[in-house]
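For reference, chains read A, B, C and D in written order, and residue numbers begin at 1 within each chain.
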Amino acid sequence: MSNVIKNGTIVTADRTYKADVLIEGDKIAAIGANLSGDQVIDATGCFVMPGGIDPHTHLEMPFMGTYSSDDFESGTRAALSGGTTMVVDFCLPSPGQSLLEAIDMWSNKSTRACCDYSYHMAITWWGEQVFDEMPKVVEKGITSFKHFMAYKGALMVNDDEMLASFQRCAEIGGLPLVHAENGDVVASLQQKLLAEGNNGPEAHAYSRPPEVEGEATNRAIMIADMAGVPLYVVHTSCEQSHEAIRRARQKGMRVYGEPLVQHLVLDETEYANPDWDHAARRVMSPPFRNKQHQDSLWAGLSAGSLQVVATDHCAFTTEQKRFGVGDFTRIPNGTGGLEDRLPVLWTYGVGTGRLTMNEFVAVTSTNIAKILNMYPKKGAVVEGADADLIVWDPEATKTISAGSQQSAIDYNVFEGITVKGLPKYVLTRGEIAVDNGTVQAKPGHGQFVGREPFMAVSKALSTWKELVAPRKVERSGIPASGV
Amino acid sequence: MSNVIKNGTIVTADRTYKADVLIEGDKIAAIGANLSGDQVIDATGCFVMPGGIDPHTHLEMPFMGTYSSDDFESGTRAALSGGTTMVVDFCLPSPGQSLLEAIDMWSNKSTRACCDYSYHMAITWWGEQVFDEMPKVVEKGITSFKHFMAYKGALMVNDDEMLASFQRCAEIGGLPLVHAENGDVVASLQQKLLAEGNNGPEAHAYSRPPEVEGEATNRAIMIADMAGVPLYVVHTSCEQSHEAIRRARQKGMRVYGEPLVQHLVLDETEYANPDWDHAARRVMSPPFRNKQHQDSLWAGLSAGSLQVVATDHCAFTTEQKRFGVGDFTRIPNGTGGLEDRLPVLWTYGVGTGRLTMNEFVAVTSTNIAKILNMYPKKGAVVEGADADLIVWDPEATKTISAGSQQSAIDYNVFEGITVKGLPKYVLTRGEIAVDNGTVQAKPGHGQFVGREPFMAVSKALSTWKELVAPRKVERSGIPASGV
Amino acid sequence: MSNVIKNGTIVTADRTYKADVLIEGDKIAAIGANLSGDQVIDATGCFVMPGGIDPHTHLEMPFMGTYSSDDFESGTRAALSGGTTMVVDFCLPSPGQSLLEAIDMWSNKSTRACCDYSYHMAITWWGEQVFDEMPKVVEKGITSFKHFMAYKGALMVNDDEMLASFQRCAEIGGLPLVHAENGDVVASLQQKLLAEGNNGPEAHAYSRPPEVEGEATNRAIMIADMAGVPLYVVHTSCEQSHEAIRRARQKGMRVYGEPLVQHLVLDETEYANPDWDHAARRVMSPPFRNKQHQDSLWAGLSAGSLQVVATDHCAFTTEQKRFGVGDFTRIPNGTGGLEDRLPVLWTYGVGTGRLTMNEFVAVTSTNIAKILNMYPKKGAVVEGADADLIVWDPEATKTISAGSQQSAIDYNVFEGITVKGLPKYVLTRGEIAVDNGTVQAKPGHGQFVGREPFMAVSKALSTWKELVAPRKVERSGIPASGV
Amino acid sequence: MSNVIKNGTIVTADRTYKADVLIEGDKIAAIGANLSGDQVIDATGCFVMPGGIDPHTHLEMPFMGTYSSDDFESGTRAALSGGTTMVVDFCLPSPGQSLLEAIDMWSNKSTRACCDYSYHMAITWWGEQVFDEMPKVVEKGITSFKHFMAYKGALMVNDDEMLASFQRCAEIGGLPLVHAENGDVVASLQQKLLAEGNNGPEAHAYSRPPEVEGEATNRAIMIADMAGVPLYVVHTSCEQSHEAIRRARQKGMRVYGEPLVQHLVLDETEYANPDWDHAARRVMSPPFRNKQHQDSLWAGLSAGSLQVVATDHCAFTTEQKRFGVGDFTRIPNGTGGLEDRLPVLWTYGVGTGRLTMNEFVAVTSTNIAKILNMYPKKGAVVEGADADLIVWDPEATKTISAGSQQSAIDYNVFEGITVKGLPKYVLTRGEIAVDNGTVQAKPGHGQFVGREPFMAVSKALSTWKELVAPRKVERSGIPASGV
């Protein structure tokens, strides 16, 4: 059976034009005028765009004997309802655990996913086994490797390990990712704050100031440069981190930055809310920043120094958040956003003129598809691409509310925000998941998306690094002046 | 009659993939596997890319009673021979001359162009007539307006005029361009150098230091920001100018920079050549810079803070250059490059790993097509686009030499450089202009390419500027405290 | 008769120590323990510091047929009452007027000054006469030359004139100063705002955004660099301007920046006051900025990238301000501050820890004495220096109020601010002008302070510029390749 | 007995003037015209300046069972011969050793010092004992604490320890110093280079690129900011590190940088010398950099973003250097310079106009005296100060040669450089150590200089940090929204 999206205006990362889109099976079969198919999706007055890709989610993430509350089913349903048709989750091996075994665990969780997905592999420990397994992970189509510079005593790796892993990435064509905060300093600040009686959720923000993030970003960039490998910095939240990225790029380094939609729109005053729950629900790392940081991030998106808008969706319920009453370090880190990313970014970005529609598509879908080397299967509206598509109604509005959301959590950090611009139809590999605003996602429809290593930028960088590599000085008789 | 390019690998700004390209008439009719057509162009082992677009040429430019030596015929033949399938030339009204009349003059010159072309309109004077004619120029498809901040007493406009013109651009959806050097300062330095006996071609470079370019770039950016209009800075040659552009972009301003291939590859030591002719032939504005500036420009291209590589092709013969013996200020400014831009950039960029192939396409073709709002008619390999295409042989080599070039001038600033990577076939709107290395351009084939105003970025910027526009403070009884 | 300041702690730009100060006549005669003199000034619990120097005042400045309301008598009385013992005013020749004649006019005004003073000479027009008179001005001890880049049609000079004047400064050892705002752009924005009905005082700020100041600063710096002369930027009010200064200094350029105490403490929200008078009284150029700009300026003072805190004291009464009701461009530009500079800066700077006491002395007195080449006659507590001294009580407080001020104007922009830290005694060349808090300034006591040209920095810069000056390439037979 | 320096021109950090200097015992007794004393030192045509202070030496430093070849006697003799009248050496406890015990060891070594000296205490390990002993070290007059971020497995401390130590410094008024290079990365690069056969001295430079130093500097700055303490970065050798320092200072952070005279004058091409000994003798950390880095450092000295020029004098003989034949990691790190710092800096700084004479005094003496809180006992020409003085003959020249030096090593990295400007007389606390060019230093004359903690900048910073410290959000009923 074929679907045809008619009368819409196609918006991609590089152009805007009127055309119909014919979908056969799970692929785009044709783009052009006057196409016909078995079933017509009317896009009159709407934009037809590639489905959103959220490269940063933590679905059913293990945490203190429990899990983040959105699993692959509810999480991907939430994603689809907001126009996101693919997520990339983090596979987190336990200390000492085989990476391959961890993949199996994650594959078990994702069986009921409603949309397509892929994984980043986290390097949570280092050893010969990890070194040996990394190419096997790449063979399985997982080519991006996450490194935590924070969460001391748990996920954190040190500089040694990070350099070794980055060098390994260079060899196998992988892309390193970093959560950039100085974990030693965060841990120390946490203890200091608690000792001073600062135990509320606002102290979470105090313990992770922008300088701490900027420093780690800067350090990861240097290490990537030494390893000769590109770098992707997740959840870039502040000018300090963005500045480090810009500085690196201005030297020809290949570094990418990913602001979260939360950081673009919400600010640090949330933590000053007298309601403990309100503040604790916004606890994530890095924390929300002030308006100046937001301005920096928005400018980065239009300037191209930042490339991707994600969510770090990691939904903990109010009940889970309350583990941290009396001790902010025990508040589980994470917020939602998977469902709201596109409408919120459209409203605050396209609606204000800070982004063009094309830039909107680029930062929500196309850029990350390229960076993760799965373009144009994903992130594109071209013949042969997966039919992950949104029909976007720029006039539709709603007020965000936990009461009406798909996500399993009981609140929403964007509660009360009115968005203008919403998906009318969403297709995941050809299947309609949002139909004229009604969500009808199918658990189990989603498939794993494998990716190839050695993206073009990695290869170019290796060529350059070889060209400028240290050269031995030839000497005859050593020491020449001496003996 | 149809042509089909078979067995090649298509390289565009956003991806690399194997497919055939079918051309019918002057358009791309299909892209896919196993296409067939009347005539086969074999691209085995080659890359199929959008034809180059050089947005900065001065063909048959009037100068001191004579003309730059490449006219639209020889210039576009040179362009095609090197893989460039479109040029954008500068229409230069005389002081007081009607803009529309100037267009007519340029249209007369371009009748024998071998490839497509468009114009930028230069604002060389200011007055009510210019103000009134600007929308008419836009109606004719010329939407970009050049402003010279140098060439005092000739082309130069002052800040007042520039602001007025930029504001007019904002209203009519035009894009302002600037030649950014402080003309007052250049003129003064020229006189000082001559007075000190510094009359050789090297003094041309001394009279136009990077600071003078950086200052003007910075000033133009501020004026564009006040006018609420994007800005395109031609021939960005130095870190000072690039820094100003980066700084602006980091604030969300919409500014573009265009390094020339000459500045990327050749440096200031050329002017120290003991041969006067050698040095004089390299006299252009801005002059060549040192290696650090080159590094800055290369990094800008990969980082995205600079977008386009052009040539400012303005070819004066040795005889013409010698007008300036004994007085460097009389050496006609300009060098060639139209023919060599792509091979030289490929060799020094893709060959070294400083650029990916996709970035190469972006900076030689796609980006400028988008900036000038003629994408994907130009700059793309998509169905329906003009069949301006290159079949690029990455293994072909040659040593650049004036003796074997198409351009009418008697030297070549890249003389002796060996390039690796050359066009094997070049198509201009479906016609073969380079056939297995042999140039067979057809004078008169080229057509004018009209463009639409109000590109997406212009509209977004206007929306943002309206949102943050000054708001009047409401007061009752003025002065309230007073009477 | 001698005075001895006993039991105090001397605070200078470079150290803090306990010692008595003996004053004989108008000079410091001795510094040490257990000094005695005819009259004892008790400094127990107090700091003894060099008197403040305000290098930026406009006393009895001609304006639209009237004058700024503080003349040299009331202005210097206000200065002394707040601990400032010297002012440097701007001598403003009319267009075409002889510089020497203008000096005479200013000398006539300053006869009743209560404290010492000097002048900067403004270059308000350019011509052979100005060129010829500049060395004569220097001979009279006036070695600093002010250039207005704004006030189009009145004081403004263009780039040509500015470069010529800066080059003349280099020759005669003078120091150029600039009021840095792009006058063309300001004039255009003013007309645009008025045309849109934005005629209130807030539109004054809208017409002079930070970008306009930053641009002009950047341009002046480039011109000074071309002329090979140091540069002093008056009333640096924003990050854009400060950034340009820092960037220049990081290249070894010799550039100084002068924030005003008003800009450090007051912000743009003043213009949003519903009271027209309140807003109009704060109209000055550059206008007040936001908190981020303030942070930048404070950091500059501690980092040393900004050197001096001044006031631009130019006091217009409310009546005079009301010239501009209905047309903000007619509101006379200027505020007061001469009296409040030291207590306000102490409170917000030393009181918060943003500045050390030594830095306070440096930025209010010592640095400008050095920059204007009159150190240690002024700005120092050393034997032989002029006995311009403050005995500062760090515990004294007051709330600033127009009702109790010395200045002739009828309001105070710092109204209501409580300061902690006030002068208990102030000596001007040995005479007590503030006695235990009571002002007893003597009109006519003040003397003109002449200064020497060619300060050390100017000479060093000239040496460097000569070393790196353009060198002619030697060629035999020109063109060599040719004939 | 008294000495009087007559007919000279005194040059200090803040002024230049003609006066005689009377010395009684070890102090300056008077400064003025026509002074007389028992013995006259003729300074006609000379400058009288504060003796140089070198805050970075390693005399008789233990290394692999031997010692750096200059001990306190030969080292301080070399210092005096070149006009340096005080050194600050590094007290290096072994792992687990008591800090106080280490002081005793260093005191034993310094008994034969010819000029005054002080120590920095190195924090080479961390533990309760170190924490407890730090205040006792301060009581002994040692208020600066050095931290090595490199030399993994030996001196290196990690971020945790560094933050703890910096916080301790904040409490006790100490000043942290850092050797800033990422030790993990250096160690890894060393192994990689050796594995690739890069075992020559040039590989030492390859293993410590500027990025590695810049990163560590940036990290130390962040940690100091978190601890609320100023920071002094030793041997700042590159733009990356300087940029981090500037960026910090522009935010109001209190950070100091110390280029070495070697890095200002010598560059990386030294390591390409075909003579192994030549290259190995220049092995120090950080290694020499290129010309662009030198430009950055020079600009920093005049701009004030860098404050001090030191030497890191750590002299190993050629024989000792040869430990590293075949394995560059075993070449002992260090060069000489103590004797040459002032003449070389004068020649390349004052002689070229890059520095004024006053700036020369500031960066060689006065600034570090202030930073180490021993001003004006040291670093000043004021009454009561220690009579550590130089009579500097700006016309004297010599060609530097190991053959004629005081230092115990058998080569000189400045060999063959001709300097113009040399000390004619040098006084150390009133005793003549260089007499009309002849060195007559007295072993044992030198005394330890104790210093006070809590310099003004430290106190100001603490005030500011307290003002902006995290504040607890008051909440009633936690969680308020909840139960």
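Operating definition for what follows: a contact is a pair of C-beta atoms (placed from the backbone, for glycine too) under 8 Å apart; a residue touches a chain by one contact, two chains touch by 3 or more.
Keep in mind that what you see is a predicted model, and the values were worked out from it rather than measured.
Steps from subunit B to subunit D, minimised over paths through touching chains, total 2. Each chain gets one centre point, the mean of its Cα atoms, and the points for subunit A and subunit D are 46 Å apart. Rounded to whole angstrom units, the spacing between the C-alpha centres of subunit A and subunit C is 51.
Taking the mean of the C-alpha atoms as each chain's centre, subunit A and subunit B sit 36 Å apart.
In subunit B, no residue touches at least two other chains. Taken chain by chain, the contacts form a single closed ring in which each chain touches exactly two others. Contacts from subunit D toward subunit A in the complex involve residues 158-160, 163-164, 182, 184-185, 187-189, 193, 197-198, 200, 202-203, 206, 209, 211-212, 214-215, 218-219, 222-223, 225-226, 243, 247, 271-280, 318, 322, 325-326, 470, 472-476, 478-482.
Taken together, the subunit B residues at the contact with subunit A in this complex read 13-16, 32, 246, 249-252, 254, 295-296, 298-300, 302-305, 350, 352-358, 366, 370, 375-376, 383, 456-457, 459-467.
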